[in-house]
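To keep things simple, chains are lettered A, B, C and D as they appear, and every chain counts its residues starting from 1.
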């Protein structure tokens, strides 16, 4: 393994420390709970939006804390759900009179921790709700899930609920919006290579020189099938067809289209995929209202990409258009 | 609720904790057969915290005490066991709130609440080859003994015997939950690690009861 | 090789097409010259800022075309200088009464093409100047250069000259600013793995399982030395010390600090590097006024990173702070 | 300037172009010895474009004609040769602007301008093992012959002979420019591909002069 790492056990804390040092005016880091929160939070006049997950998916989610996006993120170690007390303490710290929304991708480990945190914080009188995101069409029950997995589509849910909260929506309204966006969001990914967790030091799974994993999970979990390497356009087809058929998306639909890099794939390739996906959608009468190309929800250094489609309506599009101030600097 | 109730509960919790710490290696080995081998480590770290903080827990009443145990355990254990065991103690705490004294019936309702909490939390059903396949039938047996007016010692013995038998019997099941489930059919033929761990813990509790 | 690619010869055009499809309101694509330009350009009231280079360094430079950054970029094929007519035609298309500034990283191939384009466009009466960026302290003359190489530091030059042009500066003033920023910008990179150009299909150079290249170029050119793999903190030291000593930067200086990913390194590792670099600078009395962490100037899928330091003064900092609208969407 | 001048220039350019196309493989092989083998491909593509567009070039005067050749060549050739050869034709065009007729002296000043342009563009000095090591001494020789009042045929023969000798003599040099320079000392022992290519082109020009 060749990575920029000192002690693998300190990988996540050192990353979070760097993130906070790079954004001293906007972010606060609470080392006890791996907590990255808005320096000016919690805002007592809005619903607090909190996301928890394992690390290794950066920029998700610690790097999207900021005005108009998350109020806080409390990740676990690489690919591990945060321990219960991180979530519980974070929830208490982020408590606002308008309530707290916990956003969680649907994985068994995370679900158990967040359900329990909701149960215990509610018992203490905090108004808290949990919303599970499950946009991945690749597989139903899978390695770490009962039901579908949550992947890069969570960015759209986060952005929409965060914008609604920023506009002053109450907790019920924020949840209505989150559920609505989740219900029209579909994703699927393909891995070209396996990822290497710093603490493991070797690839998490085996993928042959000429093999790809279609429908891969963001922790390297198996997807639909192994296939022989194919052209970029064929790979787009493998991802786009199941996504489009699942909702289904159809003629006349307006969508947000995201090409998400899984960590090891250069953005040049992502734009190449974007072009093909955009054109294939156009052929089916589906027009792209908003485009997103880059790394959003990664799997460490895995080479690969996922496609996410969101069916837009005026409400969702308007929420996605709202400003956000997060550490990803435009330059 | 009397001071004796709290003392008994403390004894049970302390024995669970001490067993988890003492048997770290054994529980890990059990989990390594078809699981990922981290059960011993997880339980030991969680219950170690319980032992460390032992003096500091508030002892106003049984529910308060158990709720703090829940928090201590789940703050230290990652993976499946943290929220599962934490939930078990939380739900037992809630059940204890509804009774005046921790008698046999109260023990049954606390065990049931704990088991149901774990089912709700982890989504497992009976037959999925988890600790529930030992705990639930043993609780049923305890209830039967109480209904038949068995003595306390008799009840404990029956409870311990059933939990052990049922734990061993999980060998015939295929794991559907937790990391062991990734082994699929390969999991048939060896017992569930969590179930055996529970059985060993309960055996220690009954064996030591009279010297508690 | 496993990459998202169809015909390797079409890799760059397909990427550019995707980029334009994703940004229909802001970008225009002229396939004849690999040209990506602002849809509303050229602005006759400002100096046009144009960057040319090989492809394979994305987002540099086609993905930073937009208001406040580049007016146009005309890349060559992967790691190849653009052919002369791309640059010549682009210069003519971007001609504004206030003039055109061609920004070029200092590589022999690019330098020859841009010098010739300047010569020929000047002969046609276009007011055009060329500025070469050479921020890399790793090596003096090197594989593709006479003199130092230009690497990720060019982002700071681009941003400053673009902001100045946007504010209405004339060509001389824009060049004064560009030269000034270039003169206080220093960079150095380290490769953990080699990169694989789509047309070659195999790694461009050999790097052992436990070896890294210190001072690597963005085309995989050799740097100062091969070294055995070391910790993240030690690698920061290897890069930061030569950079700091070169200008030199010193006690009391305020800097912009960039940790640039070379393409295959996840952003989590980049923030980890950032934290260490920030702290090491602080120990030397050097404070970070602006931080940049992410992928700016990459080398395809190479795992690795570079550090860039810019000595700030009020003028530079103010220019860097100006807004820019480029395809990298904040979400 | 007379029509004859333009015709002569056209002959020279056309012969250069035809040679580049005919000898694509040979020039490539020469470059492959210690360079990267793309010289044949690059020159052939650039001069192919010249032949394709041949009829469309404006022929108002020699400078205009040469400038269009410069553009045609450099728009098609990547790497080093595109801007180098393009610059050579540009500078020759500029030099031609300053003379009334393309006589021997004009040829010398155009060749010098071309060589100096290539030096400025590519940063090579004499001795760096490039085509300049053939072209510059040959131009010097041409100038000497003119100064000695040699006849036109004699001048051409001396020019071609020197360019060939100097091209062959680059074998003793170590490449300092272009891809061949990456081979370092290994480049000693074989001649510079660009220099040999120039020599072959000039030999074709002189051989065919009388039948032009």
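Some observations on this one:
Please note the rule applied: contacts are C-beta pairs under 8 Å (C-beta built on N, C-alpha and C of every residue); 3 or more make two chains touch, one makes a residue touch a chain.
This is a predicted model, so every value here is computed, not measured.
Spacing of chain B relative to chain D, judged by their CA centroids, is 90 angstrom. Chain C has its Cα centroid 60 Å from the Cα centroid of chain B.
Per-chain Cα centroids separate chain C from chain D by 35 Å. Chain contact topology: the protein chains form an open path, each linked only to its neighbours in the line. Across the assembly, chains come into contact as A-B, A-C, C-D. Touching chain A in their complex are the following residues of chain B: 71, 74-80, 82-84, 86-87, 90, 121-123, 182. By the touch criterion stated above, chain C contacts chain D in their complex at residues 76-77, 80-81, 83-85, 88, 108-109, 112-113, 115-116, 119-120, 143, 146. Residue ranges on chain C touching chain A, taken from their complex, read 2-6, 11-12, 14-19, 21-23, 55-56, 58-59, 63-64, 69, 155, 159, 192-193, 209-210, 212, 229, 231-233, 235, 263-276, 278-279, 288, 291-296, 298, 300-301, 303, 305, 324-331.
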